């Protein structure tokens, strides 16, 4: 058996750990051979391959990024894309594919599986917004990075009676904001799922100043205010209605400064959240995903992906991952809200 | 309602996060008052109390240890212990107790609940060996500390063709060794549940040297060799048959040095694994445990404890935590074993 | 002898370590008493004091911020300010002052010393731009935080062929950018002392893409382009000619995106660089500064401050710290420049 | 010009940063070619070489260990060793050598320079015990790792009224113990330069317990008690009179437990202190050492090594590094002693 491996979409700490586990178990337990496809679906589409075996995966477990590269290429948007993929798999004698990626990458995998390609999936999203799995790897790393930043801001906020706004990743789902905000003891957490009331935020900030402590606001990059509570100028919204030029973090800081008369500053963690070495949790999860993915290949469980349920790795239909985003539900947000202010 | 809070057993990163969440939600949502009991069950037994309210829990979220202190006092081993506890609760007008602890602390809580004390539990063990919950807080922190140590050892092992043995916590269960060994890319993982064959360990070590890489062995403090494969001298075992004087890590290193002719060194992480600031995961879990514990108090769910199942916090009978230890099952160990050598 | 202590200016990891060392040595070696003044010079000006002794300094060594609070109050800008300070020192029976701060705080101390106040200084600036000392505490912490961020960005930059711009602190001096850029392997470092040529930056970025690696640009918040090489719109400059709204980092990213056609993203570390626990170096330096400051008090070395020269702590006239900023000299920048691109 | 590079002795975070800086500046500024010699002096002795150029040094800046490997081979202890080195340099057309190492490696370089080999040196020792330079790279990393461990132990010590002993590296010099002990707020620091009085240590420990805090003792692996104050059994000393089997840390813990009746535990950080990614300070220092070493090659400054003095990189005769160890002087130890107990 010869197995192709590819990684698609945004990078995420843990991708290399998946690749390593897939290859090491495949080689030592089943005697499989492997071929790497570069840059997500671009690899099998344009036949860009790279050697993949035990030597290539040595030492990559703790490394961020992906040794296979990544892209957002979608073969279904390319004329004859699917045929070319099938041809390239055949010409490389590749019998099966392990596709590691998020909504888009697994969406392609789902359709290819329906068209007869022997593919299994490994779910990946730093935002933790894929259904069918309790957690995705990379998320824990991002949350820890954001939490460490919040920890550092507490002492400086307090020494200067200052407002600090931390903008974290999360365009559609507020998981990183929710978890890091809870873990870091933020005073307010703003997420995309819950348009925020600027008056209420100002209230939290002001009540915080009545203690000796200073407010820290965590805001998802995709969070936005309720209409009418926050004067965003038109030119500050891009074509999709998202805040641009410095992002929502800077805007919230500017608005708070104006309304409270206190100095406010924004920190934008940006891509530091998705790079670097994965946490132990993410390496454990990614490694187990890899081990179980190759087991799924061995079982011929095409069209399935691996998933975490409790502490078990299970299989789920690839389509489940991409049906709908896993959002922060109102009751979970309310649970956290009791700690605001 | 006036609620007492205590922490018992070995300390664990996240205890303060639980206390903070219990108090903050109790005060702001239900208007409860709180009283801290010091040093586990010694507090209500000997009526040693401490003020506990919003000011006392400010800033403690990221701090290791417990502001309430801890001990291993068991009131059932003290004459009239239970009566004294009841009296002290009454004299302090304490209506309900939140008991945060491991097997022993929750064992006492279980029996007190049967005797009519209004108590809810929060499970705690750095070793992750409590049943009825997917994970306990503190465990993720310990695993990350051990993993960082393993990461550091890789480069030095390789530069000198040296064997490195890392001894981690886990007297009865190998969870810390298993997770940190997987996350750190250890070449062999030795756990208490699986007595090890020294010949096999030597084999893994020697095959590792045939690559350009050097072996790292992770061993639980409670791991022990199969009889006949490892010459432990009698005087090196303590009364319980456990290895003493430097621990099993040093002995494995000495034995490997003797058998392979390569330099071997041991690192004993000891109590560094249970101190210091908790990871984001542990703070999130501890905070949610605290929020749900006070909800259980509000619901009068006496004799229940909070537990993690998947991503949900649920309730379970206190007795479930203490029925039997959660050990690493053979199939889970085999899953990891494919990466050995 | 009764000694007052105050901390002024921006906060900086290590302030608490200085306070602790001053108090512990003063009490145990010389039997001094201490009094804390709150919020920099506001404390002695408005007679806002706080108890300061062994119990107050327990456990503060690893904590960021300052237990004494800080401000930018300047008593020389207040009518009768100096008299009020003298009166308040007298009414509190304070014989000597230890003033911990940067240019402004030590500038006040210099003038007060000339007016007969018994004061010794401890230099402090996260930017490392004070003359008369090799390093100031807090700087090493800031550099490490920036370096860790750059480390994380490398993997994500490479996986996506993306440009990443990291904006670090440094309004007038580029020390943080220079040290973290060197330590993190940045491809270009832009500092306030050397107005940058945007064409040259574009050149470095493009040559970097010809390798398989991706460019990371570190830019001081106070860096600015040479005239004519970079189209800053007027409205993007504030009254002081500094770039505003998202800062120079965002502007450089936007410009690079436009000119190279590659995606560019900015990370703004902001106040995370000045908060949180100090590195070992900063704690060692701050502790030694504290020990030597109280020695200076004992010797009656009024008008002097402590300073690091090599590995020795020496004394220097307070005025030396504030004479002129310590800037990155052209030859030192050239030394780093050989690693650009 | 063709330049050989080798790394000798124990590994140290920062070695790769030196190699990278040497090669990058040598290639881009002077057009030099490079050749790597493997495993210290074994490389030129046995003609074991490895390609070394820009591609080989990409991405190694943050990596611990050394891509060139290391050993303790001494060509002066091998018959005709020097001749073979000269022949191998000639046959590889190597004009000059950059030797990176400690006392032994630089000792060989000193003698070779006297015999006409064109060699410049870069000093390296994790223990910081080389004369002629203020600091060596790797030391700051080791101190930070030890300090983080001490930080973690504080909370657990306090929660259980327990004594914790941390054994750190330092066979002959106590620099790591002194710096990490100061930075971590240890209650006692024991170093090789000052044989310790066990009675005094017990005194510190007991006075510490009279506060609410618990004692942490930092001990260099090479520290030893004053005769008569500590019952070490003969068999616990190795041929050099050093403590063996678990080390001095375990023995001090055992003795303290016996004398104070309090539980005492030892943590042995071992090789975790010399592995893994270097701190920003060590990367900055190592990079500058590398840049200046190639400058010394360019200047033909044979028999010289680079050194740090204040913030300047200077040159010193190779012999200076190896004349005598840089030990902790009594007055510096006394400076720290005021914080004991």
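By written order: A, B, C and D. Residues from 1 in each chain.
Going forward, a contact is a pair of C-beta atoms (placed from the backbone, for glycine too) under 8 Å apart; a residue touches a chain by one contact, two chains touch by 3 or more.
If you want to know which protein each chain is, UniProt gives these names: A, B, C, D = Pyrophosphate--fructose 6-phosphate 1-phosphotransferase.
Predicted, not measured: the structure shown is a model, and the values here were computed from it.
The chains in contact with chain B and with chain D alike: there are none.
With centres computed as the average of Cα coordinates, no chain lies farther from chain D than A.
As a whole-number value, the distance joining the C-alpha centres of chain A and chain D reads 40 Å. Taking each chain's centre as the average of its CA atoms, chain C and chain D sit 29 Å apart.
Of all residues in chain D, those touching 2 or more other chains are 151, 154, listed in ascending order. By the definition of touch given earlier, these chain pairs are in contact: A-B, A-C, B-D, C-D. The touching residues of chain C, when paired with chain A in their complex, are 10-11, 13, 63-66, 69-70, 145, 148-149, 151-160, 162, 164, 245-247, 250, 265-272, 274-276. Against chain B, in their complex, chain A makes its touches with residues 21, 24-25, 28-29, 58-59, 61-62, 134-135, 140, 143-144, 146-147, 151, 154, 179-180, 182-185, 211, 213, 277, 279-281, 283-284, 287-288, 291, 309-311, 335, 338-339.
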